[in-house]
Amino acid sequence: MVGGGPGAFIGAVHRIAARMDDRFELVAGALSSNPERSRAAALEMHIAPERAYGSFAEMAAAEAKRPDRIDAVSIVTPNHLHFGPAKAFLEAGIHVICDKPLTTTVEDAVALAGIVKKSGLIFGLTHNYTGYPLVRQAREMVEAGELGRLRVGQVEYAQDWLTTPVEATGNKQAVWRTDPAQSGPAGSLGDIGTHAYNIACFVTGLRCEQVAAEVSIFVPGRRLDDNVQTLLRFEGGARGMLWASQVATGNENNLRLRVYGEKAGLEWGQENPNYLRFAPYGKPPVTISRAGAGATASAKHASRIPSGHPEGYLEAFAQLYTDLAEQIAARNAGRAAAASSLLVPGVKEGVEGVQFIEGVLKSSKQNSGWVKLPTAD
Amino acid sequence: MVGGGPGAFIGAVHRIAARMDDRFELVAGALSSNPERSRAAALEMHIAPERAYGSFAEMAAAEAKRPDRIDAVSIVTPNHLHFGPAKAFLEAGIHVICDKPLTTTVEDAVALAGIVKKSGLIFGLTHNYTGYPLVRQAREMVEAGELGRLRVGQVEYAQDWLTTPVEATGNKQAVWRTDPAQSGPAGSLGDIGTHAYNIACFVTGLRCEQVAAEVSIFVPGRRLDDNVQTLLRFEGGARGMLWASQVATGNENNLRLRVYGEKAGLEWGQENPNYLRFAPYGKPPVTISRAGAGATASAKHASRIPSGHPEGYLEAFAQLYTDLAEQIAARNAGRAAAASSLLVPGVKEGVEGVQFIEGVLKSSKQNSGWVKLPTAD
Amino acid sequence: MVGGGPGAFIGAVHRIAARMDDRFELVAGALSSNPERSRAAALEMHIAPERAYGSFAEMAAAEAKRPDRIDAVSIVTPNHLHFGPAKAFLEAGIHVICDKPLTTTVEDAVALAGIVKKSGLIFGLTHNYTGYPLVRQAREMVEAGELGRLRVGQVEYAQDWLTTPVEATGNKQAVWRTDPAQSGPAGSLGDIGTHAYNIACFVTGLRCEQVAAEVSIFVPGRRLDDNVQTLLRFEGGARGMLWASQVATGNENNLRLRVYGEKAGLEWGQENPNYLRFAPYGKPPVTISRAGAGATASAKHASRIPSGHPEGYLEAFAQLYTDLAEQIAARNAGRAAAASSLLVPGVKEGVEGVQFIEGVLKSSKQNSGWVKLPTAD
Amino acid sequence: MVGGGPGAFIGAVHRIAARMDDRFELVAGALSSNPERSRAAALEMHIAPERAYGSFAEMAAAEAKRPDRIDAVSIVTPNHLHFGPAKAFLEAGIHVICDKPLTTTVEDAVALAGIVKKSGLIFGLTHNYTGYPLVRQAREMVEAGELGRLRVGQVEYAQDWLTTPVEATGNKQAVWRTDPAQSGPAGSLGDIGTHAYNIACFVTGLRCEQVAAEVSIFVPGRRLDDNVQTLLRFEGGARGMLWASQVATGNENNLRLRVYGEKAGLEWGQENPNYLRFAPYGKPPVTISRAGAGATASAKHASRIPSGHPEGYLEAFAQLYTDLAEQIAARNAGRAAAASSLLVPGVKEGVEGVQFIEGVLKSSKQNSGWVKLPTAD
């Protein structure tokens, strides 16, 4: 693991997620950008002293030489420290699991995609909400044509933890997320907007072709956006809206997707993720529960326990690790990975996310005019 | 009553609403544009034969001369038949209660506003959702500063009854609403988008200064929009989104408003209208019930029965009639109307609604560029 | 109308309900047990002076003689004043609409049933919750066998307005309801327990054969029960529980019914009454909306407006009046009433309710032993 | 681990729960009652061959002698195989984590309590629902007097997976649960009724003194109860109801607790466990989210991730393991365990659960007469 030392939220999440299905063990780390704190933190997590590294560069170099080297590295640093470590480990021949957004610039993103391609290694991007069983089921139902041709996609991700200038109080999570040097050019847009965008594309299976956006900073003194409102034009004529906010008082982690097609509509929300509303036109809507009646193969694959026993955020996150473990094991064994493990977002989705960020910021600067998003390839 | 003959949905609603609180009686009508059907329908509703008119013009002229003339006329015709009857009755000295949108053009709307002003008469516009007690409470809470300065307003009105080309099947409601000659230049935008816009302005107390919109027709062969997505810029810097759709499969009459300020957020939905979610920043959200603990004066004023006993659409609609009855009674008696009766939208809101329609259509034609909305005065 | 003067809650409800569908007009009244207040209240409601009576006896006698006599009387007095007026009007040949519980003793109830039978007149008992469209649909679905043979019925009616001794503060509603002289031997049991019992029998179509009950008084000094917990044995082997409470802090008017059969289950709650959950075994549950997709004939009959536009308590109450109007019109015209109008509870259900009260109280006194309920006939 | 071999549901749950917070590792097992299957299953779980035992007796004996012996054993066998293994490991000096119900007879339960007491060892009983943060918060709020003196407690646990005779189809879960030889004298009562009973006592902090019950078998041919309805008398005068059913069509794992006191009420449901409804009398109810605003110390202690990111069943289950790890570590280190770790149910709650089963069955046999429950000590 790179990053995720004391005080980090997402590092602990990655560790639980990796452990959940017993497919990974934490054996090496460069957990902090400060070499001493990095080593101390590793020892505290029962990592062997010789694998408690002072930096990601040291770790990549040393692990590459070990016969028992790590199967994969998790990169859970702030955004500006995704590219460097990812490059280093890929070049050291080690599979990479990386937090989102992929990088802070499109150039880096495209470059990294090239490095991944060249390396032939597995690259997983933890757009963790795609690990929810019912998000996968939603995608599967759309793909199977149960909604018919799609018309409208509404996605939103609302939080309120940046309603006040908490970055000024030293809140570690807020400090780096509102600092352009660490977060890149986007605030809420990169932190949660990219999740919303990713899930909308993941479920609809549609590429977003254009965005027209209004990006706002509501909290005085803040340096990056805390509210994003965007119109979306998907390929094939579907039209959407995306709203991401970290100043929506009363919202905790309210990611919600609604998709409407010619034949039916789907609604899912992250805060009560074990239920999916499916409304076929002209019939009463049904509530599909995770792993219950009506569950599809992809939802069952991503479930551990019977319906009615709620799974949550950590289980969804773990699913990405578990699917990547299968991909890695297959690669190591020279066999094809199970199809069910292939839904994890990768570097392609990473590039698309950074292009989305760039497009939204550009549109907002141009008084919300439509901006075309490049195709990923 | 003008309009609202056999097969009309909204005519029956107006009649129940008018009767609910025992402030109005239906005594005269020109219920159809066909003179014979008009008279027949009136007789069927137990209107006296001499007041069963063949046309609105005949009715306005005749009623103006009666000593027991009607206190007010309800105009519940398709959109293109609002201006003419409203003008006729106002000029006959009769108060007017008119359905929305006010007219099919801004010119007519402004002209009608002038006629109302000159007449000195009461003019009520049935943006009926403002009659819901908790919508009024929401407005009152915003006005009292309980949310602090507003930042974000998200409003949506989703239906699905036009998912297929039902107008081609002869569905009377669908036929006129998708016919530019009767409905004016807007479909879902005028039918439900104006309600969403009105309620957003009503609750926030903010004027919308600009719109950037994407208007779509999804159903092949349809002549007017069935989906509208709009970015909103309110005065004072608040930013919003408005979505209105009649092809959102699985939505019946899903009008929903969310408003977020520096201090708190509010959420209300029409389909379960007896509850208002209020989330003060940093505290757990509370669920305020209509007329229950935490109800404000305006919510109590608009309630008939204790909390826990749900009121609905008809009661909210009735509230406009009841408040207009008080306004009319006060006017007739030469006294000031009770302050609690003054929240009914009038011709000013009507003009704003038609300007909103015009602005949205203009923006959509200009590839979603921002369009400034004129000030109402 | 008998009863329902100033300060009464249910009187106003009956008046709105009677007026809603334009089938009744209030033309005569004995609105208070105090003759002067009675007459004054009637005048205030625009009742003609000669029909503003000082007592129900005077009213029954006078109306019986008028050529334009009332079609029906509404009796909305406290429980101890149901029997007398009902008897008087029936003997005067006037149809009766009476609030529940029917009487304060089983003897009176049975006697009244005899009087109704002898009179040949219409007798409606306002167990108003049976007027909700989806309650009727639930009954219809059970009757049609969609649930299969029933196994379990859980019903509850929870309120909290008697959590503290409000009767000591002079609250008029609380004073009579907690006074054995006016309310009879039952408090919450008669006030709301009978509603819960009625709706359970109404929907399941099953007779309850035995009850085993625990009746409690939680508020010190209170003279009648404020909490009732009962096991139920239905005919045919179904088993149930009934809970009624007026000290369940945080509950406003939470009447909720759940019925489970061999093939499916149904759930409905009064506070959001426009939705019915139907769960066929082995399939995901569907949410049926009032008058929407999946609505049955009886639900459509009892609906005024399209689904998504919520109807509430007053509309459900009105439905009983409207159906009774049809029954009375048919009787007056010598024709059979429309089948759709026949679901209104009558004197039979009234007798069953009073027998339920007696059985529960008896069981509770016998340390919750099972008590057999007599068959109604 | 004892039990939990192939096809077992709860074994896998225990394993994930034990691993979640990185406090336990699975190093030894007797996973099946068949020695060969037992060893094979262990090897498949990467247990070292010498610790892949053929029986629990062999395992207890062998582990007792190892210097690196297991810290604790998890017993996850059918009910009839709790007592034997628990006794064996306790007598071998090994801490025990055991599934519920504790035993199949009160005699065994009391005997086991004696053995635990004598051993001085840690004994955790996996009434896993007490591991939910908001269940612990509910208990803490009751204890702190926020509800005032309690009056009413309603608890229910509804499932539908035994609606049909699935035991006849060979469903492994159903077969043992409906077999008196493996499950003991209780079916749904032992399987889920004891959970409901435990959580009601856990949150209220009240001992249940008496039960009056109706136990039913609805599915023809079934040998153990599939529906239980019970009145409860708690110490201090609070009154309750408990309903447990495995034939409630449309319910998956619907455990729900409602507690009402003089000052406030609380409601919590397992299927959406991240929210707790708290309704102080006379104020609007608040929705407390896990680890969000209003969270108490015990809820924060049992949370891993911020509010809005749902935790679920596995996390709650893990909390018991984590708290037991702390208890065991403290015991091993000769220090007092952290107070926050002491909420895990133990052998006392186990005895109470078996006494509850016995009392309910006795009451039901006595035509639902009240049966006194012995005090646990």
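Letters A, B, C and D name the chains as they come in the text, with residue numbers starting at 1 for each one.
The definition used in the following text is that a contact is a pair of C-beta atoms (placed from the backbone, for glycine too) under 8 Å apart; a residue touches a chain by one contact, two chains touch by 3 or more.
In this text the structure is predicted, and so the values were computed from the model without any measurement.
Listed by label, the chains that touch chain B and also chain D are A, C.
Any chain bridging chain C and chain D, meaning touching each of them, is among A, B; the list is complete. Looking at B-C alongside A-C, one finds more C-beta pairs in contact between the chains of B-C. Shared numbers divided by all numbers used gives the overlap of an interface; between chain A and chain B this overlap exceeds half, so the copies present the same residues.
The distance from the centre of chain B to the centre of chain C, each centre being the mean of the chain's C-alpha atoms, comes to 35 Å.
If each chain is reduced to the centroid of its CA atoms, chain A and chain B end up 42 Å from each other.
Note: centroid distance chain A to chain C, computed from Cα atoms, is 55 Å. Chain contacts: chain D has residues 251, 278, 285, 289, 292 touching two or more partner chains.
In the complex of the two chains, the chain B residues touching chain A come out as 147, 151-152, 154, 156, 160, 163-164, 212, 214, 216, 218, 227, 229, 231, 233, 237, 239-241, 243, 245, 247-251, 258, 260-265, 267, 277-281, 285, 367-370.
The touching residues of chain C, when paired with chain A in their complex, are 278, 282-289, 292-294. Across the complex, chain C meets chain B through its residues 9, 12-13, 15-16, 19-22, 159, 251-254, 270-274, 289, 292, 304-315.
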